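One chain, subunit A, appears in both complexes that follow, with subunit B as partner in the first and subunit C in the second.
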Partner chain A sequence: MVTAPPMTPTYLLGLTALAVLLYDSLRTDDGGAGVLTGISVVGALASLGTAGWFLTADTGLVAGMSEFSGAVVVDGMSLFFTALFAAVTVLVTLGAHDYDPIDGKRGELYGLVLLAATGMSVMASANSLATAFVALELASLPSYALVAFLKQDRGSTEAGLKYFLIGALSSAIFVFGISLVYAATGSLLLPDIAAAFESGLGERTGIAGVGVLMIAGGVAYKTASVPFHFWAPEAYEGAPAPVSAFLSSASKAAGFALAFRVFVVGFPLGAATSAGIDWALLFQILAVATMVLGNFAAATQDKVKRMLAYSSIGHAGYVLIGLAALSAEASTNGDVMGAAMAHLFVYGFMNTGAFLFVALAENWGVGRRFEDYNGLGAEKPFAAVAMTAFLFSLAGVPPLGGFFSKLFLFAGAVDAGLWWLAVIAVINSSLSLYYYSRVVRALWFEEGDHDLSGAPTALYAALAIALVGTVVLLPGFGPVIETAQEAATALFA
Partner chain B sequence: MAGAFDYALAIAVLPFLSFCLAVGVALSGRDLLPKGGALPGIAATGGSLLLSAWVFLTVSGGETYNETFYTWAAGEAATGSLSEPLTLSFGMLLDPLSAMMLLIVSLVALLVHVFSLGYMNDEGETGLPRYYAGLGLFTASMLGFVLADNLLMAFMFFELVGLCSYLLIGFWFRREGPPSAAKKAFLVTRFGDYFFLIGVVAVFATFGTAKFAGEHSFPRIAEHALAGEATVNTFLGLEPAAWFTVIGLLVLGGVIGKSAQFPLHTWLPDAMEGPTPVSALIHAATMVAAGVYLVARMYGFYALSPTALAIIALVGAFTALFAASMGLVKDEIKQVLAYSTISQYGYIMLGLGAGGYVAGTFHLLTHAFFKALLFLGAGSVIIAMHHNEDMWEMGGLKERMPVTYYTFLAGSLALAGIVPFAGFWSKDEVLYEALVHGLGTTSGLGTALLVAYGMGLLAVLFTGFYTFRMVMLTFHGEPRSETAREAAEGGWNVKLPLIVLGILATTVGLVNMTPVADLTGMHDIELLNMWLSGAPESVSVEQYHHLLEEFGGIHAADVPSYLAGGLSLALALVGAGSAYVLYGGADPEPHTEKLGSLRGVLYNNYYQDEYQVWLAENVVLPLSKVADVFDQAVVDGVVNGVSSVSLFGGSRLKRVQDGLVTHYAAMLTLGLTVLLVGFAVYGGWF
Partner chain C sequence: MVPVEYYLVLSAAVFSIGLYGLLTRENALFFLMSVELMLNAANINFIAFSAQWGNLTGQTFSLFVMALAAAEVAVGIGIILVLYRNFKDVDVTVPQEMRW
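Coming up: the complex of A and B.
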């Protein structure tokens, strides 16, 4: 009997990338956009389906299975995140099909997106710091190219360069941290590092501490958390909108996937705290700083895309609660981290959807400012309704998906005893309603005059899928949060 | 086999479907329905009537139904000293009381639909789909209210009933009076419902359930709690008995508003601005009945509190007398009926408060029929008078409208309480209960009941007078206007409901002839008493009797019922007779003018409206202004302050992002260094 390898969803993403590049180099005419989009969407869907199947069918994978001498592990969490990356990839490739500025270069864009998604998927599976670093680079390098994709556009190239420079600095910090941890514990495999922590670090505590903090820095870069967030507003604003959607949803989630596993498995909180390396406190500080900075800065923006970029930083702050609210041996750990994963999942739909609407607006050429969106609701009601749902969901207005994920996340923080963190999060969340509803007001309540081209089918389809994801997660939230919390609880076992 | 109870839900659903149909057609803007939606309404209420009759027969076979069919919210853990978590649910309670009420409501609703054919369609009114939609929704809400098995569900339908009342009173919204009357009715009843809502919350907080019947019902738990066999949550530091009285009085707020009891009765006379069939349905037979029905529904709870009973009895008796006195001087036929309605509901409250559960329910039953009859009769007169309602313009209609006259007379005799018409038996029983319980009870409640009895007895005299003043002025003597000389009776759709109700108003009192039973010793003719005894134990007459004796301290003195009945009959005859003498001539004088300034006081309803307006303008308005100032200055000030601080902070943060990547790298490194140093010191790494 043939058994599918546990990493099939990851392989499928990588193979799809190769298939796209192969077709792109073999084709002779200038057409073929439909085929390229088709290959990408089908490949990503296959990966999504396999991951979903592995998660729900009785394959025994949810409990965890090590591959390649323990360098990677496939378990519930890695499958959950792979499904998320694949879903975002479907939305982004579908949306990019109608995105005019990349005409003629779709093969490259899809290939890079798929390769980055492969890297992210490996990040979610990384069980060794070496794998983690390689996967992070595999995810990051295509991202730099993607941000700078519009070669003729000064904003895009400038953003790409800035992203690359900050990325290089952050990668250096990350890999330096890895080397220090290796020096202190003598291993790159997370379980071995954990064992070294448990048996006491002695004189090497300081080295390990600096290493842990620097690894946290690398993770903070990937998740666009303070103080490693500086690249995000400009990269998101300068990049083509589908790429912004991809980076702010999938790439951020990948950073968290890595963080969850490395910190929970590699640096067990009980041993780390008793050695004076209280990384939960570190993440509490980062969570507060990130959500406050993201939301407050978003409130004063005047371009929609840049507002979304800052709001994306704010959301990273919320998700950091998933790490900040952990404590040694607490029974609430699985619940709060699962809630953070579920929030990332919902975020994958609503945030991608919001950026895709921006892509649509760029296609229509209506401009980037809030007031440029005036009156779009009357002219393109479906897209405007979808955008309204995304924004309200991002703000956490019931009964949309974002409300439930935030509810579980904040409730998890309260259960873990961090009520003050939940209070700050709720205050920030209500502030976010202010700037999200500015867009809604522009869409529906202001008069505007536009000369809009038609409704691009694939982009509309992507919006519709994201809308369904945002709204259907209302009744379907039960399974999502249960899967996420089950997968998260397995990490603590 | 499917029984009546399986279809009972359709009793309320059928009129709702008629509402949906009428609304759909009204929205389409086309005249699709024959008779503007009357026929679907008649079919629906007819179906409800048949089903109600089936339920009635099934209940009389000794079967009852008390089930929850949908729980829409359930708590996870019990709160306070309760044993079970709280649940919010929908369900049906079908027992003798609700079966009887279903029959009354669906019958009157059907007859009102038929009568509306004559009153609205034949008069060429516009907006008929809207009218029949309102009637349909009203009937559905009222039936849903009667079916409700818990207080919260009852509250929801109670509010729907209030909404429909608003819509129907304001049916002629282009005129000046109706919209204002509709708003008044809505606001005044809402004032009472506010207390009711707090009461509902208090019931949930105290007992964890709001079910009316069964072992886990709140009256039952309250009883066990008073006997020390169960624990409940109490608030404000009160003992259970005192706290139950508070809850009872809160719910009573809704009752007083809806049943137009003093001091919230002021909306009902104004509500006569609505179409007359609506007055018959809503302000006589059903919606106003919702209030007292609620008291009867949760009687097991009120029976535990002597204070609440005394207040109910006193409010009822005072309202009965007070409203009757105002009815003495009114000039418009519907105004007289409006005050008589308030007064009669006062009697029902008096009966319930005096421990006469059967008596109160009995008067509810008889009043529903004879008052619907009187309103429809008045409607018939108003059609003939071309919507002139002034009785001084009428006169001599007896010969021209015989069917209306004789049925109206039957209703009037019932209202005045003349033997053997329906009102005599029930009103007499109410007064009798007040008397024997007043004499037999030693505590302050006994005194209160005797005072209430006195007021009720005096009101009998007034009732006889104003009723026959109305009959004399309207139908007897010579016609006093051109329209009255040319008046003609309406068609079958007017006469048929009058005849049906006329027969009922004459005979329905025979179902519970307590004086005859006492006189002859044949107690098996007290059919209503036996009927209500067939209820499940937690809502049966015996249970209430037991509760009243044990917790209410109410005992009955031994007074022959025919003596009390004779006394009230004599008073009614005196009242009616003096009206006949004063107004029976061919061209009666306006004798009430002789009352001088007293007439002014009565005619202006004791200046009730004026003082309520004064309260609104001089007490509520200044308070609202203070609240507004607080809201503008403090609440909005804080909100605006927070938003300015946020925006200022945001613009500062924005400046950090200055676009220079070297600055970013510097700040990034600096941030990491601060964290590293901070944690190294905090963790003592080196």
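Coming up: the complex of A and C.
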């Protein structure tokens, strides 16, 4: 019997990227958009299906299996996140099929999205800081090009420049942090680093501490958390809307996937805290700062895309609870981190959907401000209903998917004894209802005058899938949270 | 043998020079050079401590870092080229289409 390699979902994403680029370079006519979208969607679906199959079938992979001399590990968490990246890739490539500004350059866009998704999938599997850095760059470099994709557009260029500058800075900080951890422990493999932490670092504790802090900085950039959040509003606003959707959902989740594994496996909290490197405290501070800043800034915006960008920073703050609420030897660790993973999963659907609606609005040529969306509900009811569901789910209104994931996350914080963190999160979450409902009010309750042409099929299909994801996760949330918590608990074993 | 503390001081100094350049320079190309300094500061650590620990992990990884730095510059130069075409300048403070 032939057994599939454990990393099949990742390989499929990478091979699909190559197939897209190959077809794009061989085709002679100007058409072929349908074929390109077809290859991308089918490839990403195959990856999603394989990841889901590995996750649910009795393959023994959920317990973890290391590859390449321990540099990469495939376990429940990496498969869970790979499934998420593949799902977002499906939505984004489908949505980009009808996105007019990228006409004639779809091959490049899909190829870059798929390559970035491959990098993110490796990030979720990285069991060595070397793999982590290479995967981070594989995810980042295509993202820079994607943000600056509209070469004639000044906004896109500016966004790409800022994203690149801050990305280059943070990756330099990240790799310097890795070098310090290597200096202190003598290894790049996470289990070996953990062993060095457990046996005491002696006089090199200080070096390791600075290294851990700098690695946290690199993670903060990828997840758009304070203090490296300020690229996010620019990059999301200037980038083509499908790219914003991809970055704010998949890229953020990839940053968290990396952070979960590196910090939990590499820097075991018990040993780190007794050495004075209490990274849970660091993440508590970052979580509060990120959610407060993101939500308050979102409330003052007058453009929808920028509001979504700040709200995405706010959501990074919620997910940081998954790291902040950890403590040594606690039995709640797996539950709260699993809840954070489940929130990222739901977020992958509702946030991608919201950005795809913005893509739709850009295609229609309506403006970017809240008042430009006035009256869209009467003219395009299906799209507006979908957008309303995404926004309410983002705000955490019951009974949508976003409510349950937030509930589990905040309950996890309370169980871990961080009730004050949960209180701050709930206050922020209720504030977020204010600015999300501004869009809903514009869509349904204001009078508007638009001359809208067309209902692009593929974009509508992507919206529908995201809507199904957001709504079906209501009855289907049980399996998601169970899988996530099982995968997270395995990490602490 | 040179004590390892000296290497740490050297790499910290190179890193800080890079960071200083990055925060003060307005020309995008100088920005890239500053990032290069910061990455090479990490390489100093990797190579010094590779010798210190007696394994080759650090030396090998420094090769990875160099390759990735080159890839990063390639993408960065591309973006700076588009920047120049759109804004007729490579000053990073010129693009002000969106407020910070």
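Criterion: the second predicted complex is superposed on the first by the 493 of 493 C-alpha atoms of A that agree within 3 Å, B and C clash if a C-alpha of one lies under 4 Å from a C-alpha of the other, contacts with A are read in each partner's own complex, and residues count from 1 in each chain.
Criterion: a residue touches a chain if its C-beta (ideal position, glycine included) is under 8 Å from a C-beta of that chain, and two chains touch if they have at least 3 such contacts.
The model shown is predicted, which means the values in this text are computed figures rather than measured ones.
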Inset, instruction - Would you sort A:134 into first (subunit B), second (subunit C), both or neither based on which partner it touches? - result: second
Legend entry - Partner chain in contact with A:402 - subunit B first, subunit C second, else both or neither: neither
Inset, instruction - Please work out whether A:238 is in contact with subunit B alone, subunit C alone, both, or neither, and reply first, second, both or neither. - result: second
Inset, instruction - Identify the partner contact of A:169: answer first if only subunit B is touched, second if only subunit C is, both if each is, neither if none is. - result: both
Inset, instruction - State whether A:301 touches subunit B only (first), subunit C only (second), both chains, or neither. - result: first
Inset, instruction - Using the superposition on chain A described above, determine whether A:230 touches subunit B (first), subunit C (second), both, or neither. - result: both
Inset, instruction - Give one of first, second, both or neither to describe whether A:183 is in contact with subunit B, with subunit C, with both, or with none. - result: second
Inset, instruction - Kindly classify A:293 by the partners it touches after superposition: subunit B alone (first), subunit C alone (second), both, or neither? - result: first
Legend entry - Touching both subunit B and subunit C, residues of subunit A: 161-162, 165, 169, 173, 230, 233-234
Inset, instruction - Within their complex, state which residues of subunit A touch subunit B. - result: 161-162, 165-166, 169-170, 173, 205-206, 209-210, 213-214, 217, 226-228, 230-231, 233-234, 275-278, 281-282, 285, 293, 296-301, 431, 434
Inset, instruction - Provide the residue numbers of subunit B that touch subunit A in the complex, in ascending order. - result: 643, 646-647, 649-651, 653-654, 657, 659, 661, 664-665, 667-672, 675-676, 679-680, 682-686
Inset, instruction - Would you mind writing out the residues of subunit A in touch with subunit C in their complex? - result: 130, 133-134, 137, 141, 144-145, 148, 151-155, 157-162, 164-165, 168-169, 171-173, 175-176, 178-180, 182-183, 186-188, 207, 230, 233-234, 237-238
Legend entry - Residues of subunit C that touch subunit A when the two form their complex: 4, 8, 11, 15, 18, 22, 28, 31-32, 35, 38-39, 41-43, 45-46, 48-49, 52-53, 55, 57-58, 60-61, 64-65, 68, 71-72, 75-76, 78-80, 82-83, 85-87, 92, 95-98, 100
